[in-house]
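Have a look at this one before I ask anything.
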């Protein structure tokens, strides 16, 4: 399907006011393979046209940024403009509402929200979704590809609808997928994923918990059981709910996630074996970096990059493994992973425009 | 008037949800000279009674804090409870509304808002105040004492209404008052007060500029001309608007103000003369600390203390003086200065309960 | 033994330059039951006498602080001054060196270092201690009481040598002790303690990892296996090394620890049962606060307080328990816990001077 | 002279361990016009060869970064490799030592230190420089061009030695140059430049003032009179020392400078006139952004960009002007300004590789 794009790719972004949307626009403006006026920027249908730099003054001076406007969403406009790929960086309710018509109109869609990530109805219940056309939504849901290039690269290339993964989920899934695939975890013991995220993960709306006075000089756990990214872990790692415990925390930093993941190995291992297993799994993954023990990932190494860094420590008896996984929640956890998906859909190199 | 208080002092606080109100409650709970059930805590009239620790869980475990409730404001209750001094940590509109009746009912009042600080009508216009009884308000305004213990200690002792100073204003007034009193500034050159404050100064309401993502890793100037604390500077320092330029900035820290103040001396001075002038002016001020050059105040030294720290550097030619002034905006800039005022009104030592 | 102290208590502090030492001095200066010139402040033997406020300018203005000097350590001076209790806030090597003579001279000692905390030789090996008189050291080691007032209050009252607990260890031990005592944990699954500490825990020496540029906007794991506080967990909780996994992280904040602790219950429980178990265990502990689910501790609630806050979440099936434990590493994790020990040794109320 | 570079440009960097050096390497690795193996990375002569990513693990994964080594400095190697431009990101003593030989060997040099910035001997005294060959050094000093592309673009194109400007100096000079050139400031009143910088400006060496515990939650003024960037202001703006007062402060953030600059206008002006004056002066400056009042620059808008942002507020009487100037101290204040200089020297577009 990638042969469609002998011409420069034409993209559009619906939802540019939030943090992920702004990062996505920045990446697309800088991308070497897009059409001259790409991306087309879209606000809610019926909204007023405004200059991009009036929303994000920090983007002024970037190539083309000062001439870009955000226009109201209109499917006809997208078709007329021959948009190839539409990104949505919108709340999940809006994604669930706008995606079916967009796909029906022939657009390929990359949705950054949680609307289409979960195939199991029970898992998806946390999103409280209401579909105008439940049958169509169910069919699209079945077709939607979970946009993890490391796990589903082949399917992504030809997909019509990509559900871009959650930020916490990406950090944990990339840390565990090689072990799960190799079947080396003793799942009877359960996996613990203790994750910590910067405040941008909580969104741009001013709330009591995003207030500087709450978040600064603080650390707090939340959603100790039942965070809605849990469903992604279960489905992508083929686990049941008793086999993994995921607890998020709010870090006093703007961006970045560090997940500390504790597993028990079925057989005592060595750190070299573990690293080999990851090296092999990620041999063709340009945006996953494997750290050599005793070096470990840290948040500063990944912030404002498209990388996920993974590192390991093993107990002296070789039975207990701790995996540290770091990424930038707005990039590998959102916008740059969306661009990876676009690259694969368009037949570009996976990391085009991301290093 | 302080002879009233042979019995332990009975206090009440209206407005405990904000940062200054919470600090004030903490200080009063810890004060050695208050009556057993003091302070009485008050919310807006008609509000529900709630436990103090449900609003401020961090106060749990402090003496008496777990048994305290916040009850709806009711003037009759204050009279029945024989409250001596009522604090208001409320928006200025509410202070302007509630204070006249409270004073009329015989309470002495310390208001932490800007409602009663300015005697000049033009200066006060920035607050857009509307009085139910303008004549009564005007009379009270005349009577209100600006609650700077270092400047107006004698008047405070017998005052019925204290207008507790603004945080920026306190830091700048204490830095300049000795020089103004000694008449050593060449005012033709104008005074520059470049002030920087932590985010608590912007209040507890979640807004775009108090969002962690805006304030963290940032610095921004605001209200470059015309910040509403300017009127306090003009009135208390007997300056006109062309003689002082005050520009505030938002610091990425929870609390603390540092003001860097630039003045031209009428006659070349020496750092020792300058220090002597401050030593003398603040000889009886227990909560102003004069740093010896080359040591300078810094925000960490005053945060969570009731002190204002002052320090100096003089140009080699002895003509240009830079004064650094630091205080905690929630304490010396609000709650602890209010307690100083209470101490003076009650005949206690000025720093009772504050060190 | 507390009957010794009918007179005001006389204390001394060896080591006041570090963060814990400074906090300890601040607490003792503010303590209502100490002798007028207490504490006596001591530097290394042979050091110069310096003013306290030249080391810690922020203490200036506190009662007595401006008149205090730090004098060279000299055992004879301590005896002449009739010091009752000597605190050491020194590196563990120095504590191991100076404590035996001090105890021999009749002083009671509270040591904040790790020198005397571990009774098991293998656990203590991480400290690489060398004793001038191994037999005497071994005897003192046997006698040393681990200074956790909640666990060993009775022994502390009459102890000659208190080994004040480590900061991480305190946060984890207080979180687990009630469960261990009640024997409700299924230890086959292992306990995970994922702990996060502010930078003050790394000490005052400027190093690459305490540099602002390393620590700010970052999070990193370290000592994933084998942190030296692990021995305290094992000994105080009667666990073996395979039963608990403790991993510390460096938080970009000045102070505070939050530990997230994962345990599997032997029998499915209810959150109310769990809370009751903690309520009972800590019924007489004035400085442990039990949060009611769904409220959870957070670092801001404990910073600059002497409290340890504990809270809980239980999985829907009642089998997996997550405990959140917060304290200030310099207070309940060091200086204020030392004062608790002093209070018990002197027959005072445990929380005297700490709320 | 730019006709030399029909072939891809060959560059070398001496000094890559510091913050500016690392940023410079990152920019050069990403620059579209450099030779394939450029830059050549150099440590002190006699140092060991080490992998770049062992010094800066966060650079791993960037194009070519993993294959780069830092080799010992050796002039012969530079000549053999046909290096066109040598950057030095070294202490000023080392720059003063190594630059003369490099220039003599035919290399063009861009020095990021303060070694060659000051033409006036008295101003340069603060650097305490010792030259092996004073006559040669004096001649080079005369020839050295102050590397501000906005002020000296033409001279830079053909220069052999560029003295890359200081970070504070850049922020203040760019803010004032248009006003000085237009002769609109009343210099009798003096200019006040109150500047605030993130901690990276203090360098990578761990010191008491770069310790997280000192810098975090703090603000402090330093070098109130006599900061060594003052000489650059005087020389580039043609002022004498009594006409400008520059005071720096240490901000609790990793990077970014905001300078608040106060001037008195000779004639009352309007904000539109002021903006026009800046628009005209910077009409061909691709990396200076002029904000429209009431919008003002803030640090977040420039961090990790090559821009300097300028904004203005004018007093109601049109006489007092406040200029806010923001830039990233490691980029426009160091590394990216160095790349601008390289671009001009090589005949590239000034902002090539910087947006």
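Details
Think of it as A, B, C and D in the order they're written, each chain with its own count starting at 1.
Convention: a contact is a pair of C-beta atoms (placed from the backbone, for glycine too) under 8 Å apart; a residue touches a chain by one contact, two chains touch by 3 or more.
Please read these numbers as outputs of a predicted model, since none were measured by experiment.
Most remote chain with respect to chain D, judged by CA-atom centres, is C. Between the interfaces A-C and A-D, more contacting C-beta pairs are found at A-C. Separating the CA-averaged centres of chain A and chain D is a span of 37 Å.
With each centre defined as the average position of its C-alpha atoms, the distance from chain A to chain B rounds to 47 Å. The geometric centre of chain A is 42 Å away from that of chain C, both derived from CA atoms. Residues of chain C found to touch two or more other chains are 214, 217, 252-254, 300. Remark: chain D residues 57-58, 60-63, 217, 286-287, 289, 291, 295, 300-302, 304-305, 307, 355 touch chain A in the complex.
Taken in their complex, chain B has these residues touching chain D: 189-190, 192, 194, 196, 214, 217-222, 224-225, 242, 245, 247, 249, 251-254, 256, 258, 260, 262, 264, 296, 298-300, 303, 313-317, 319-320, 322, 324. Against chain C, in their complex, chain D makes its touches with residues 19, 199-200, 204, 206-208, 210-217, 252-254.
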